[in-house]
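Two complexes, one shared chain (chain A), two partners (chain B, chain C).
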Partner chain A sequence: MTILIAILSRLAKAALTLLAIAVLNFCLLHAAPGDPAVVLAGEAGAADEQMIAQLRERFGLDQPLYVQLGKYIAGIVQLDLGYSFRQSAPVIDLIAERLPATLLLTLTAFVISLTCGIALGVAAAARVGKVSDSLLTTLALLFYATPLYWLALMAVLVFSVWLGWLPGFGYETVGADFSGFARAIDILKHLILPALTLGLFFMAVYMRMTRASMLEVSTADFVKTAKAKGLSGAVIRRRHILRNAILPVVTLAGLQAGQLVGGAVLTETVFAWPGIGRLMFESLAARDYNTILGVFLVSAAMVILFNIVTDIVYRIVDPRIGARA
Partner chain B sequence: MKHLKATTFLIAAALAAPLAAQEAGGRLDIVVQPEPPGLMLGLVQNGPTQLVAGDIYEGLLRYGTDLQPQPGLAESWEISDDGLTYTFKLQEGVKWHDGEDFTADDVVFSADVFLRETHARLRASLAYVESITAPDPLTVVFQLKEPFGPFISVFETGTMPIVPKHIYEGTDFANNEMNATPIGTGPFKFEAWEKGSYIHLVKNEDYYVDGLPYLDEVYYRVIPDAAARAVAFETGEVDVLPGGSVENWDVPRLTEMDNVCSTGSGWEFFAPHAWMWLNNREGPTSDVRFRQAVMYAMDRDFQRDVVWNGFGNVATGPVSSKTNFYSDDVTIYDHNPEKAKELLEEMGYDGEEVRLLPLPYGETWQRWAEAIRQNLSEVGINVSIDSTDVAGWNEKTSQWDYDMAFTYLYQYGDPALGVSRNYTADRIQKGSPWNNVEGYDNPELDAKWFAAATMISPEERQAAYDEIQKEIVDDVPVAWLLELEFPTIYRCDIKDLVTTGIGVNDGPRNAWIEK
Partner chain C sequence: MWKRFRSNIGAMVGVVLLAAVILIAIFAPLIFANTPWQMVQRPFLAPFSMDSLPLGTDTLGRDVAAQLAYGARVSLLVGLVSTLVALLIGVPLGALAGFYGGYVDEGAMRFTEFFQTIPNFALAIVLVAIFEPTLASITLAIAIVSWPPVARLVRAEVMSVRKREFVDAATLAGLSKPRILVRQVLPNTVSPIIVMASLMVATAILLESSLSFLGLGDPNAMSWGYMIGAARTVIRSAWWLSFFPGIAIVITVLALNLIGEGLNDALNPHLSRKGKA
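On to the complex of A and B.
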């Protein structure tokens, strides 16, 4: 019951936060130089006043800013993200079209980084001070420090250009007309490089954090007690140490999960992955106001949502948190 | 001797082999960058849209690499001696992609109704037109108010795309649902657009030219990263890199691969001409001696060889050597730092900082700005680089908020279509980056530009433009840089890809793949 009330109050606050974010984004975006009419006219390689005036009128940019803001917020309250004049489509459709690709990529990366990160962290903590531990920590440091962009290009160079094992970019083989299982395999092949690239950084973070946290907890008194009880090392690690050491990892996983929608701009660009991140980036360059605001809002909603989810997971992992609150 | 014989034999064998016949079938994958905002060519005319939609829509005429008109939707045309009446005979048996007949009414509707409302560049030329009529279903007559020399050059696909009257008449053009599935008369039909991935066009089986097109389908591939585009070509994922789709330093690596060809042809109609706007209104750049000093300070051969990897030509003035009525009888600005210093001393330049706005179109342009800053600082000009994104560049240039700003413009085959718009005082209009942004005001030359546009005889026009070029080059309203060259890179077994002055834009129409 307390959980339910906590969640409801969080949701109410979240709605207010989202609204504030929408207003803030709107103001920030309109403060940037240029507008969609100027960009479109610029791209056409020719423009006169009539053309720019026509475009502004069509886009509703001829109205005072506060009227535009009012209309936008009114739309949002009714769950209407507006219309992309540049792409001639409702923003919600544009986002829905790109969302599956992005989620496939980011969720895969999320799962890979979380499972491998924790497993390797536990392994490293168990072998602390040994060669294998040093090897794992060094690798993690390397992945942690390498810029994503460079890593992506190197991965393409090695696995796609030199070895020819995996496709270097795209979502699926264009024009192959695969269906069912063949298509799934095809997409999986395209998924491997971008998902690994995106996942490696967080995997390194999870691993280092799990290892450090495990080592810290392993010196606690209850661990000694468990040892004194005669429990095996594996059981102590799983039931006593890991369970207590996992909280900081959950916090971080919550942060990463918040980026599931908007956090893959670079990876999507290098691998030509048709996702939300690219939609956001390209819309920003074109000052396609409604589309950017829409993507921002969806991303913000995801962050808030996963913050709530993280809090719930806390209570499950460590019931003491709920009791204290 | 033996060697010679062998060679002779080889040559004889080559000559004896029958000319390869065009082979039908196959698929082309062409890079399109960036993803076009839409494909309805009458509404959107940016580069990527022209590239893709140039296969779907057609104009009345096509233009060779020599800029001479060739039949398009019009099979023949006639210009009256007074230069006022243009009569076009249309091709017979042309159908829209949805099966409707194409007639002269479509042409009248496109030019007189649709494009007048939507197409800023054409609107300027249509101002000379008195009436557009269709005396019979296969004839269209353009009646002009006064002669307009370059009028024969406005019938290209991107300039005057013919759109279907039966779909657009009486509708809100910009919001017509059919914009998402464009219907044209061209050699390829729109099939699908997977946003963020590719655009798929398929062969128009009912195309009115027998045997064309040869290709079964064309995929335009969206790959946002320049390095990834180069890789896509290396791994064979795409077959054609249209000009400008990879960074210049990747070009030698790609063209050295087996079975890879490249050509600088296919841009003659556009003749992209690069310069820096020098703000004529205020600051050091308002002094003609400063502007001349900038010209002398720059080592443009170096810029071409290093920044552009040898592609392009040093521009001599406002008109590209590829455009009609070019003249090289002008003052030549060589790399002469001493002369630049003298000019600066004479004007008493005090080291005031000038802001240089690069074009945010990728690494090449950034490097170009740095090269020029170095050139200018060598003669004592204090330059700061003012970086921004595309929208910011458009905003700053169209609001005249710069001292020196990079740009390049298409010339569309004729000085009256693509050149004078940047130099005559009536085109000083805040709010657009495609006019006299530098604020050059020379009434005497304005009169000459206008006169040259309305002359009929090419010889007279040539003489008039010779004079204009000679005079304007001494004034240096802008700092001319290079006639840009964007090489098209493709697999050598693709034949006849670039046969016209707009290159790949209408290339797939004639292209075929040798097996």
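On to the complex of A and C.
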């Protein structure tokens, strides 16, 4: 029951946040230098005079700002994110078409980075001060400092151009016309490099966090008690330390969801992965503000959804939270 | 404190690396006869093939080494200034929230949370795209997406310092609240802010390079991200064009992270080696 109430209150908060972002989008459109109608139409030349006049009428650009804002919000509530004159399609259709690819990429990267990050963090903490710990810590520090898009480019260079092991481009083999299982394998092959490069940075983050958290918890009194009972080191680590140490990592993972979605813009750009990040990149050059702001809104919605999910997971993992709330 | 910092090998490596990058950035016009925009040789000259052009030339025959040196200026400048601006937003907001509590705190934290929910890189892209890429708009966009953690940190620090006895003493001595906040409480929160700021410069450099990689760099300033972005399509034939700027970014960011960790260990010895992610 408490979980249900918590979810409902989170959803209400999410709706408010999205509304605030929509207002922010509206303000940005009007803050952009130039006539809002021309701005909406995209780079000069994409829309002719007649179209711009239509736009002016449709958005009521001669009316007071609050009326325009009302119209804009009403549109968004009905999932009308505007029209992309560059791609001659409603923005919502463009995004809907690309969203599955982004979800596949970010979720895979998230799962890889969280599981591997926690596993490596536990391993490093268990060998604290030894060579293997220093090696892992140094590697994590290095990945932490590496630009995501550069790592992606280098991965393409090594694994795709030089070694020829994996495709470094696209979502599936163009013109191969695979179906069923063969298609899934083909997509998986295309997914490996983008998901790994997107995940590596976050893996480094989670590894450092897990290691620090494990070391902190290992000095707690209940760990001493467990040692005094004569339990083995491995059991203590798994049952007593990890269960407590993992909580801050899950919190952090939830907070980092936004960065993961942002990172997808870079990864998708490098790998020509047909997701909403790539859509945003393509719209940048065309100054297609409607699409840019649409992707922005949808990615914020993704982050909010991600946060709600981690929140629920957190409540399940740590029953104390439900009791406190 | 300085002693603890100096005995930290990682931190000293960071200082040396960063000093080298700063020196190169400052003396770029003296070291390189070529400006980063000037065509000096045929395009796609491989690295190490000519002594005068150690890192080769780019797609337009421009000196890659000179571009790297001038790129350091942009990275360091944007990283530093955007962090300062982020501190200017985050510190007052966090301090007011932590010190006054109640509605002030509630309002400030809702505002901060909102900015933390928005995917920060996407927001930076939107801001720079709408306000045209210039060094000023890039710096401001990075500052706008990076202040929330500062506000949260300062709020937490102020909340814990506010309850200490010397604050009660200052209140009894008749000092006004704003004066206590500025003169007594804030100075005691400086060390964690310094640590966070050094790590923020590193993040800001990564953000700036990512923006210019996507083509959202200032068209009048040579930057590392722009170099990689421009070389992206020719990666098959000219790997060095994207390789070297990436190494420059890794070195600079790594140096700043090492320094940040060293400062953290030196300023908060009881928390040492926790390596906050």
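Here are some notes:
Quick note on the criterion: the second predicted complex is superposed on the first by the 268 of 325 C-alpha atoms of A that agree within 3 Å, B and C clash if a C-alpha of one lies under 4 Å from a C-alpha of the other, contacts with A are read in each partner's own complex, and residues count from 1 in each chain.
Keep this in mind: a contact is a pair of C-beta atoms (placed from the backbone, for glycine too) under 8 Å apart; a residue touches a chain by one contact, two chains touch by 3 or more.
Note that this is a predicted model, so its numbers are computed, not measured.
Judged by the touch definition given at the top, the superposed model places A:Leu28 against chain C, while chain B stays out of reach.
Within the superposed three-chain model, A:Gly233 lies out of touch with both chain B and chain C [touch as defined at top]. In the overlay built on the shared chain, the residue A:Gly164 is in contact with chain B alone; chain C does not reach it.
Contacts of A:Val174 after superposition on the shared chain: chain B is touched, whereas chain C is not. In the superposed model, A:Asn307 lies in contact with chain C only, and not with chain B.
In the superposition on chain A, A:Leu148 makes contact with chain C only, while chain B stays out of contact range. In the superposition on chain A, A:Val156 contacts both chain B and chain C. In the superposition on chain A, A:Tyr289 makes contact with chain C only, not with chain B. Touch criterion met: A:Gly275 reaches chain B, while chain C stays clear of it. Residues 32-33, 153, 156-157, 161, 269-270, 285, 287 of chain A touch chain B in one complex and chain C in the other. Residues 17, 20-21, 28-29, 31-33, 137, 141-142, 144-150, 153-154, 156-157, 161, 205-206, 208-209, 211-212, 215-216, 252, 255, 258-259, 261-263, 265-266, 269-270, 280-281, 284-285, 287, 289, 292-293, 295-296, 299-300, 302-304, 307 of chain A are the ones that touch chain C when the two sit in their complex. The touching residues of chain B, when paired with chain A in their complex, are 27, 29, 34-35, 37-38, 44-47, 120-121, 123-124, 174-175, 179-180, 194-198, 200, 217, 219, 221-225, 227-228, 231-232, 234-235, 237, 388-396, 398, 409-410, 429, 431-434. Residue ranges on chain C touching chain A, taken from their complex, read 114, 116-123, 125-127, 129-132, 202, 206, 209-210, 213-216, 225, 228, 232, 235-236, 239, 242-243, 245-246, 249-250, 253-254, 257-258, 273-277.
Here chain A touches chain B in the complex through residues 32-35, 38-52, 58, 86-88, 94, 97-98, 101, 153, 156-157, 160-161, 164, 167-171, 174-175, 269-275, 278-279, 282, 285-287, going by the rule given at the top.
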